[in-house]
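Below: a set of structures, written as structure tokens.
Note that chain A is present in both complexes that follow, paired respectively with chain B and with chain C.
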Partner chain A sequence: MNTRLRTAFLASLVLLTHSQIADAHIVSARLGDFYAGALHPLMTLQDVLIWAALGLLAGSISAASGRWLVLVFPLGLCAGLALAAHAGLGTPSPLIDAATILVLGLLLVAALRIPVALLCLIAFALGVMRGAVNAGELLPQTDRLLYAAGLASAGYVVITLVMALALSFRRPETAAVSSWRGIAVRAVGGWVAAIGLMMAGLSLAP
Partner chain B sequence: MSGWRALILVLLALAAPLLARPAAAHQATLAVLEFREMRPGMYIGRWTTLPKDGENRIELKMPAHCFLRLPELNCGDKGLVGQMTIANLGEDLSAAIIRVTSLDGETKSYTISAANPVVTVLGTGAPTLQTWLELARTYVNLGIDHILLGADHLLFVLGLIWIVKGGWRLFQTITAFTVGHSVSLAATAFGWIGVPEAPLNACIALSIVFVGVEIVKQQRGEIGLTARYPWVVAVSFGLVHGIGFASALAGLGLERRILPAALLFFNVGVEIGQILFVMLVLALIWAHRRLGAVIPSWGAELPAYAIGSVSMFWFLGRLVRVLAAA
Partner chain C sequence: MTCRKIMHSTATIALFTALSASPSLAHEQSGVGGGLASGLLHPLTGLDHLVAMVAVGIWGAQLGGAAIWVLPIVFPLVMAFGAVLGILHIGLPVPELVIALSGLILGLAVALRVRVPFAAAAGIIAIFAIFHGHAHGAELPGSANPLAYGCGFVVATGLLHACGITIGALARWPGGERIIQGVGAAIAALGGYFLVASLGVAA
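Now for the complex of A and B:
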């Protein structure tokens, strides 16, 4: 592992471990409900992993596939939030979260060229799921419109940046999956799948 | 260029609720507590603005040597010196202002908020290094919060980025904006100039309308003032926005001797927030270009009109407030 990669990995680890300390209600009191909606998912390991893996998956396929997610994923988040807030859509169990991470990791490992329509469907479904989870932080006094705008903005920013970074990393869109860049993306997928597997094990533990 | 349009449109669509209600925030959860020194080290206090859920739920912590049982606060010979904090901020109380009037009649105000959970009362001695560090933390955070919550300031900067595009010219423009708002922020904070808040806010909205018009001109192939002399526009409107920034410091009742440092730290905070925003916007523009996520030609002018409409909505709303107050 080169120094830059190691530094990035350590920094990510530190961010992820420290993120649990933060309190969404403090964010809300300090910066209002827009930023509470934007920052809450970034403090949750499941959201960070699922969003990043989805962006990586879309970005590693092609720009043509990925660009639809710029809108589809945030819309899914809003739909999930609305369904949870008004129609009582429940939050998925930890096992479903873990399974989702595992499947996304495996899709990255397999380097499948998923059709655009299916990718959009997956992204929307994941958006709905994570939107519903993030609705758990809504308090009676929370301004839901601002919270939804913040959540969707965060989804848009994260998914757009990760897709573009993945696309730039892979460089030529027709690059063979056997190139070292392709293998690196698949290796990251392996890590994501491994985390999903560990989380599944933890959730099944008595 | 299309990447820019796509970015602006998506950002505006996502942030529309925020743009439409920039001042919604959490003012209802502000409380004010006043202490008056009756004899050296002994104060009588009362809530002049009660917290939303009642005074009994607030966990106010005074310096360790002080004994607090409202209405009495007894700090003995050392006087009211040290740290004050509220332990349960963030649930039903977002900020509290504590005003302390000493025996000689001088009143000082301290604001405790989630951004600034601990305040230090300096007393009459020279400030220590710890005091300066706390001051820096407090006012840098306040500056960051102020710019991040100032949708109008951010929209103006977004307009400048759009017109100037990037590179060296963007650096110059943003620096000019910084110089402009720093000068007027300092001048206002020191009391050299004073502008009523309501008309000033209307002017700030009008500055964004101006930028919106400039963007439309640019799209039609005309070279507007901003495209020709971006730094002139940036420094001019920076002066206006700086007076707006100063409103965040007004009412905090800062001590005269710490005002220059507080101002400096606050400005640093504003710059940090502004740089973060500019970097995020530039990163997103790059990402849109990379992904080819562009707006179809039929919607090319939508973002410029969206900026213009939002800012004009603000301007009219603020103008109504000015006229109502007149």
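Now for the complex of A and C:
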């Protein structure tokens, strides 16, 4: 009996050490299209980078200016998705993606006080662009409303969380951009711009 | 009896191990995860790059003033410009030599507490940044996700600068300056070794 117990214990131990990720959730079952819309941008590095940089930019300006993006950016995503699905709006070239990342990074580095209207315009344009890119996953059988709801929710959550993080990090809002917290945000902007520059080079490579 | 038990246990373990085997991923990494890992590890696994990046941070902290904040913001951009040159296969003269020289010169600057005008320091560092970036760009792994590689490479470089600035902050404590100068001397010695090695290869 002792031998069997020991064997069972060792076997369990070996099985435990070989445990792997279970891929058995409800993504492709009920509400699958909602999850598809929410997860697709989060699995794409370009989306993650652009969304996070936009949230950081909004948070580095002020809460009063940034809170508009919570509404404007998800609306832009839905508009882009609708335009791609119905009007055939194409996906931008990798060079435009790279230029977008570069410009967002440079805006963060410069620590400019961008007017609210311009910030909203930038956010809406980026939303339309990324919404159109994410429309590439739409299939004839996809429930477009659920997919759009998922995409907009993901956009809302990412922008809100990153902006809130940036705002609480920069607190107090009136602190000079030359304080170490302001410099840290600008340094991250420098990283974002550097990544954009590298991407531009890669898209131009033969 | 004991031998039989051991054999029994070993056979069971072998059976379960064989049944739960998964594919081995021991070659060049691919995809987003692979690109990120390659980019993060590239500046860390090349000692010549690593010491130079840390030295930039320490020197910036020693120079103080604008240098301490301009360097971490602008350096990644200049380095990315060098990476673009590498990606586009635009050659630079004697890259290995200049990279080795960067460790030696920056290490000496830290060890001897060399103080130069900010513009001169920025110029020296910018030249070295272009060469380091060029090496990273030219060595971009083919199968890795390029954007992920770029993210990893830029973040690793930025963190190495932060590491250097933190070492530079030791100057606030008694004896800290001596430690910094010692680190600078060690970096210069490594740079000298790499310089001799690259000259040996070139000869």
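In this section, the second predicted complex is superposed on the first by the 175 of 206 C-alpha atoms of A that agree within 3 Å, B and C clash if a C-alpha of one lies under 4 Å from a C-alpha of the other, contacts with A are read in each partner's own complex, and residues count from 1 in each chain.
The rule is short, and it goes like this: a contact is a pair of C-beta atoms (placed from the backbone, for glycine too) under 8 Å apart; a residue touches a chain by one contact, two chains touch by 3 or more.
In this text the structure is predicted, and so the values were computed from the model without any measurement.
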Contact-wise, after the overlay, does A:Val128 reach chain B, chain C, both or neither (first, second, both, neither)?
neither
On the A-aligned overlay, A:Leu75 touches which partner chain: chain B = first, chain C = second, or both, or neither?
neither
So, A:Ile183: does it touch chain B (first), chain C (second), both, or neither?
second
Scan A:Leu54 for contacts with chain B and chain C and give back first, second, both or neither.
neither
Once the shared chain is lined up, is A:Leu107 touching chain B (first), chain C (second), both, or neither of them?
neither
Determine, under the contact definition given at the top, whether A:Met198 touches first (chain B), second (chain C), both, or neither.
second
Examine A:Val157 and indicate which partner it touches, taking first as chain B and second as chain C; both and neither are also allowed.
first
Is A:Ala36 touching anything from chain B or chain C once the two structures are fitted on A? First, second, both or neither.
neither
Per the definitions at the top, what is the overlap between the chain A residues touching chain B and those touching chain C?
none
Flag every residue of chain A that touches chain C in the complex, lowest number first.
3, 6-7, 10-11, 14-15, 18, 20, 45-46, 49, 109, 178, 183, 186-187, 189-191, 193-195, 197-202, 204-206
For the complex, give me every residue of chain B touching chain A.
6, 10-11, 14-18, 21, 24-26, 29, 89-91, 93-94, 113-115, 145, 148-149, 280, 283-284, 286-288, 290-293
Provide the residue numbers of chain C that touch chain A in the complex, in ascending order.
5, 8-9, 12-13, 16-17, 20, 22, 32, 69, 72-77, 79-81, 83-85, 87-89, 137, 140, 145-148, 150-151, 153-155, 158
Which of the residues in chain A come into contact with chain B in the complex?
23, 25-26, 28-32, 34-35, 63-64, 66-67, 70-71, 74, 143, 145-146, 148-150, 152-153, 156-157, 160-161, 163-165, 167-168
